[in-house]
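Okay, handing you the structure first.
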Amino acid sequence: MSLLEMRNVEVSYPGARGLPVRAVAGIDLTIQAGRVTALVGESGCGKSSLGKAAVGLLAPSAGSIRFEGEPVLPLDRGARPARLRALQMVFQDPYSSLNPRRRIGEQVADGVRAGTDRGGDVDRKVAEVLERVGLPAGIATRYPHEFSGGQRQRIAIARALAAKPRCIVADEPISALDASAQASVARLLADLVKDTGMGMLFISHDLSIVRRIADDIAVMYLGKLAEQGEPDDLWRAPRHPYTRGLVHAIPRADGAGRLPDDLPGDVANPASPPSGCRFHPRCPIAQDICTRTDPPVVTDPQGRRAACHFPLDAAAPADAGQV
Amino acid sequence: MSDPLLKISDLSISLPKSDGTRLFAVRELNLTVRRGQIAGLAGESGSGKSLTSMALMGLLPDTARVSGTVALNGRDVLSMSRRETTAVRGRQIAMIFQDPMTALHPMLSIGRQMTEHYRRHFRASQSVANARAEEMLDLVRIPDPRTAMKRSPHEFSGGMRQRIAIAMALCCEPALIIADEPTTALDVTVQAGILRLFERLRQELDLSVLLITHDLGVMSAVADEVSVMYAGRIVESGARADVLTRPRHPYTHGLLGALPDGAAGGGGMQPIPGLPPSLETHPPGCAFHPRCPFSTETCKTTAPPLVRIGPNRRIACTPDPLAERETA
Amino acid sequence: MSDAIANPHKAGRRLRSEWMQPLGLIGAAILIAFAVVALLAPLIAPYDPLAQDGGRLMPPSAEHWFGTDQLGRDIFSRVLHGARLSLPYALQLVVMAGILGTLLGAIAGFFGGWVDSVIMRLADLVLAFPDIILAMAVVAALGPGLFNAVLAVVIVSWPIYARVARSMILTLRQEPYVLSRRLLGASSLRTLWSEVRPNITGPLVVLVALEYGHAVLILSGLSFLGLGAQPPAAEWGAMVSEGAKYFDKWWMSVFPGLAILLVVMAANFLGDTLRDVIDPRSRKHL
Amino acid sequence: MMSTLKSGWYRLPGLLRYALQRLAVGALLCVGVTFISFGLTQVVPGDPVAANLGERAAADPEIVALYRERYGLDRSLPEQYGRYLFRLLQGDLGESQQTHRPVAADLAQYMSATLELAIVAMILAMAAGVSLGLIAAVWRNRWPDQLIRVVSLAGVSVPTFWLALVCLYVFFFVLNLSPGVGRLGPGTPAPPVVTGLFTLDALLTGQWSTLREALAYIALPALVLATYTTGIVTRFTRAAMLDALGNEYVRAARAKGLPAHTVILRHALRPALAAIITVSGMAFGRMLAGAVLVESVYSWPGLGLYAYRSALTLDLQAIMGVSLVIAVIYILVNLAVDILYAVIDPRIRY
Amino acid sequence: QETLVVDATFQLKTADPARAFEPTASLVLHPVYETLVTFDGSDVTQVVPLLASVPEISEDFKTFTFTLTPGATFSDGSPVEVSDVVFSLERARDLKGSPSYLMNGVSVAAGEAEGTIVLTTEEPDPALPFKLTNLALGILNAEVLQENGGTATPEDGAETYLSGTSIGSGPYTLTKFDTSSEVILTANENYWGEAPVFDRIVVRNVNSNAQQMNVARGASQIALALRPDQVTSIADSVNVISVPAADMGFLFLNGNPEISELSTNADLREAIRYGIDYTGIIDFIGEGAVQPAGIIPTMIEGSLPLDGVPVQDLDRAMAALDRSGITDPTLTLSYAADIAKYGIAFADIAAKIQSDLAEIGISVELNPESVQANLDNYRGGTLEMSVQWWGGTPHPSNSLPFTSGQLVGLRAGWAEGGSPELEELAAKAEVAADAETRIALYQEWQTVLNEVGPFIPLFQPPVTLVGSTTIEPLEYNPMWTVDLGDVRLAD
């Protein structure tokens, strides 16, 4: 069953001279219960915007977002409806994710109170959930500054978890952390999804980590979906030239001294997207049509989705996928 | 073999803490950079990488105290007069910073920024300096260098800016380039381009680079030799392939194991237990011992020295638990 | 946001270490001394500040340390009693302006939209309006007097608080921990109170401390112009103004002026140190 | 500098658009200001008739009626205000009941005196404040910094009116170094009006002795008026410089081997300048308002004195004129500051 | 080139004599516009000829005939003619400016004889010649004035013209007129009388502190706003005269029971009258100040001899207070807080009275008000107790408004019929032709006023004139302070 369903979502910001900037330019995405769906893409491509729209922190300028079949209402000044509290978010920066002036316990207790079962002992539930994310219950009386980035991120996860969410949107939850902490937090999130059966949208710019924990990967380019599929398929046989470029650009710590492949140019500015396929200026295989027509997202029989006029041959495995 | 271009011996840097005592952020650091080589210095945030580079440039804050020697072409940089250091900076050693968005002056034109140090170091005229700068911009593949010179940094994208920063560093034909996390702020596809640029420049110009990064993947792509720092000390160094495929220090091993690729055996994504050392309190003994699966009683009391364990290869681990696997 | 917001406890530690900074200490000591003087003025002043029996326009002497004024009143006693006016009225001023400004700023930041526009345009208007004229007119409307001067200055000085409060609220509202709280079902008002408020009180307190000196200055300035405290009240600005008429009797204006200078300087020393300690970055806003 | 100026110049259309937009908002603000000042004059108790007519005349209903008619006081409030606005559109600010002259003429005369004082004070404050702030920032946390900190804090703490008196007493009365109060010595005719600023006019027309005299007269009040602003500018410069010096590009400039003074003056001062300009714009506005205190001590025939007297005599048109002109200066100065900002910083686009 | 520099504290609004009412205007315009008759030096008891002879006055004090002095010319050389006089006086009357009251009910016409002017009043007005010394009734060149918008109606538009130039017949002409900083006069080369001494006269607006410095250093020759205490330090090097002004500072207690029960209580009034430390106030104001015995200033005919002044008598005051049966009375003393005249701030006087009355057990609350609020309330008659100024033409009739039912009486809550005796005396005094009778009537009027009236004359402030020894004469005249046109170099 689709837990969180985004249909043709667009997010715009007011730009210069009053023209709206479409940071997200029409995306369909579905989050399933018990699965980690990853959203990857380069910086500025609209990942956070989509994530925020998904939980209602931003009002999409078009399209619909439904959580468990009901529309996700953008936040207004009042309290968020109880049914939506099962849809939570974890942010990127572990330092600003927690209020520096409130105790850990109080902040996690906010989550407990937001949850569906309000009965029982709040302190005990706080302790439980802290332990669930691998922290001692005793830290509840301490303040955030006493903790490292990885620990803070766990606390933030605990707070979200305390609300008994059925879906979590995690916006680059590990990119501010050290390598070791990245591994442990990523694993924690993946485990939580397995254990609780909730759904997760895992936003990241790091395809190599995502590939290890996601059940499904969506690649975004400049506000649009480029490709979506299972991690290994995507990694081994990308359909979209951008996915391939991304995969090949990742340097690997294997000591082999191989230079990663680059894509020419930089990510374009969403304020003035290229005509036709948004990727065409950087695309090694772009043709005339790519400069004119925006390719639609096509779903192939295996369930992979790609938006390219000339999808790469699925049969010819890309040479990056050796691991 | 000729003398190394840069030889750092027993470099220690301490900074005052708010309680009045001093924090030894870098301890007894030894490192060499050979001509035409890219030497990598890796380590997690706060391990002292940037302080080391600042020490080389003479740009440490006034409150810092430094000991040891840093020999560039045999001359000790640390004991130079202020005048001499100014002459060395930018001329002998150039630096590339992490964030090209902030390392370029937002209010000065590219041309101005690229030529001011050239004119000073070479006492050259503006037109000579301009020609040189255009040449360098061309070298790093900035289209239309002449007009680019007239523009301000904000008119360029992140990748272009980093290229400009590199061109700027190259202007005075420095003997050594220090690149402190030159790609961390960039997207992977752009990062790949910059790494390729480094490689090409090394080949074309016989460049010597001290590359500082926390990303072992980047290390693996371009560095010839890799040194790994932990809590202010170098814990392991050696040729790139050796360190990255057969790490001998438990920390390097753990770090590689935490990466998603899991190159050094295991499935990858295995976090190192425990917490990174706090900035203020270094544990006594080996700084890594609280997190080390192999730590012994001695590790808790004595810091192991960096010892040579092979040609060009050193580790700072007395038990050396991974040695067996090496030989096996 | 500022260091203090990220880490109040570090600020606390810094407070303790920088507290020892001589300037902050000196400032605090002077202010406390003046506060004590204000409290005990009737006890420690050698003469009644209104008694006209000291001989007129006498220069400083052993009997009258600061001399006497045109009516034969003892200036030393009057300066001591002056602390009873300047200190509390300036406090009243900053507290009232602080509360009004913060409230308006918070409302603007909270409601946004046209409410925000109206309040902030009003603030612009007040800022564009020559404040001394506004104060003069308000005083003229309400009649001269120290409290009326306070009201007048409140009207011209709330915008600075409003701007700071509003901009901080707008920034803090986007902080992930505030957003998280919202996602957990707290209403906007509730988060404003429980998440945002604790984080803006520090900077606002610093602002109040910094504005305190300014308040003393502006009130005494109005009194100097005859728009604040009225004779025979022993108010420092009014005393300087009387002294100005007896120009060659320097002691009449020098001592009350020095008292103002001391208090304002002490407040600024303290405010400055506090700012460095609590909210090092706020110097940008102020 | 040249190149940024030029690139600033090239973007003029955008800037111009921005400036026009700001001016339109400013005009609205001005209407608001007249509205408030009009409202204020209405709530002030007392009757301008009482303040402006003589003892006997005020007792004569005929004279009072005529007087009211002359100044439009006999009409309803909305009508009075409407007529004021209507005439304002034609550039007519009305007539002062106090001087019986057109308010516009009064303002031109008094404002130039105040502007001269404020501009000279501003130049002094900027020169002293920026240098002190620079020194403090470069010598951060060492004794010059501490000293400058105390001095600048003292500068913002000293009551202007008192300093004015003390300086007058010391420099004029005791030391006889200052020629006294006023703009020029008695009998010295004012230089021909070009800008209305005596020093500048004397300079432009080559009247050197008048120039010397004007400078001698303005020195003391300008110094006094500059004190507060110097303190503010010093502290701001220090903070802005520290901010700028902490930037990565400053470190990058040092890493290029540029000498310290180049780094400080070219790389760090320039971005700091943007912040300093902003604060000096605000400070200039405050200075205009604060001038009333200095003017009253130094008999400086400026806007402050004019405003003060208009307020005392309930001179409606004059009060509105003064408010308006100060608001206009405020708006223009802020606009100029923002535009200057854009010229200095190529990142700013409007 | 000789320049006379005069330091004054400006109270100046206009250069149009017919509108001018402020003291500084009289000072600076007196040498520019001449009047029909004038005073000689400081003697204000009789008028002397100027542009015209001393008038012939009819028995009933209603008709005044002036004969123009032959040879008088305006600064442009044209002769002063009857038509100029008629127009100037009518304009002053019909312009409805502040000084218009001087000409109220007076009609002006050319006399039958050549060069004569006849002024006719509705009521007998022995003070009219004195009023004619007022600058406001100065004679302007009618022709030029009319060419520049001058009319004898409220629509007159010549004011602006007059602030740029002058069209009088005096020894000096106006070159610069700035109401806030300075006025510059230049010698009138065509002056019909004795040629002016100075090329220029500069009158500057300077506060008293700077005046003290300037005159001591010779930067100015005359300083007009020094307080007595400032003079003492420089008295050796300059000429100083210190005389009482013709202005009167007085206290009143409202006589209207609706306004206050307290201030109308006769016993309480007596207590207050004898509770005030008059000599203390005079001391405070300084050398040259006097405590007048009645409401008519000392130098004017009809004033009461100074030996009859009330003095502080605490016993009598306490007794009166006891008699009143009022315990702990509290009165509110209102005053204008934001102006000072003659360097005297009412705030100080009020503080003094407050502290004096506190000694006999009457508490006084001070109510400082802005000038206009205070004037408003004063004119409305709503102040319980207040200190105020009174001044004007140096003629005893100028004080008659203190009678019950008259202007000032009403302001003190003293309605018509408040003292019929006083009213009768006032009416008689006003038209008394014979000097001796007149003086007697005025003195009796004052004695009664002191007994039954709500007014307590407090002081006449001193006018302290300081002049450099290089000039003479230095004479005080209440109408124009110093006759600048008459000042010359001492030998």
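Which chain is which? They are A, B, C, D and E, in the order written, and residues in each are numbered from 1.
In this section, a contact is a pair of C-beta atoms (placed from the backbone, for glycine too) under 8 Å apart; a residue touches a chain by one contact, two chains touch by 3 or more.
What you see is a predicted model, and the numbers here were worked out from it, not measured in a lab.
**Student:** Mind listing the chains that sit against chain B and also against chain C?
**Tutor:** A, D
**Student:** Between D-E and B-D, name the chain pair that shares the greater number of C-beta pairs in contact.
**Tutor:** So, comparing the two chain pairs, more contacts are at D-E.
**Student:** Please identify which chain has its centre, taken as the mean of its CA atoms, farthest from the centre of chain B.
**Tutor:** Between chain B and every other chain, the largest centroid distance is to E.
**Student:** Give the label of the chain whose average Cα location is farthest from that of chain A.
**Tutor:** E
**Student:** Per the centroid of Cα atoms for each chain, what is the distance between chain B and chain E, given in Å?
**Tutor:** Distance between chain centres, rounded to whole Å: 91 Å.
**Student:** Whole-Å distance, chain A centre to chain C centre, using C-alpha means?
**Tutor:** Their C-alpha centroids are separated by 50 Å.
**Student:** So the centre of each chain is just the mean of its C-alpha atoms; given that, what is the distance between chain C and chain E in Å?
**Tutor:** 45
**Student:** Between chain A and chain B, what is the separation of their C-alpha centroids in Å?
**Tutor:** Whole-Å distance between the two chain centres: 32.
**Student:** Any chance you could list the residues of chain E touching two or more other chains?
**Tutor:** Residues 209, 338, 370, 373 of chain E touch two or more partner chains.
**Student:** Pull out every residue in chain C that's touching 2 or more other chains.
**Tutor:** Each of 140, 143, 244, 247-248 in chain C touches at least two other chains.
**Student:** Give me the residues of chain B that touch two or more other chains.
**Tutor:** Residue numbers touching two or more other chains: none in chain B.
**Student:** Which stretch or stretches of chain C touch chain E in the complex?
**Tutor:** Residues in contact with chain E: 50-52, 56-57, 70-71, 140, 143-145, 226-227, 230-232, 242, 244-248.
**Student:** Within the complex, which stretch of chain B touches chain D?
**Tutor:** Residues 57, 59, 86-91, 94-95, 97-99, 102-109, 112, 116-117, 120-121, 150, 152, 154, 165, 168, 172 of chain B touch chain D in their complex.
**Student:** Given the complex with chain C, which residues does chain A contribute to the contact?
**Tutor:** Of all residues in chain A, those touching chain C are 55-57, 75-80, 82, 85, 87-89, 91-93, 95-102, 107, 110-111, 113-114, 143, 145, 156, 159-160, 163.
**Student:** Going by the contact rule set out above, which residues of chain B touch chain A in the complex?
**Tutor:** These residues of chain B touch chain A: 44-45, 157-160, 187-193, 195-196, 199, 214-222, 240-245, 254-256, 258-261, 263, 268-272, 275-276.
**Student:** Give the list of chain D residues in touch with chain E in this complex.
**Tutor:** So the residues of chain D in touch with chain E come to 44-48, 50-51, 53-60, 62-63, 66-67, 70, 98-101, 109-110, 168, 172-173, 176, 180-183, 185-187, 299, 301, 305-306, 309, 312-314.
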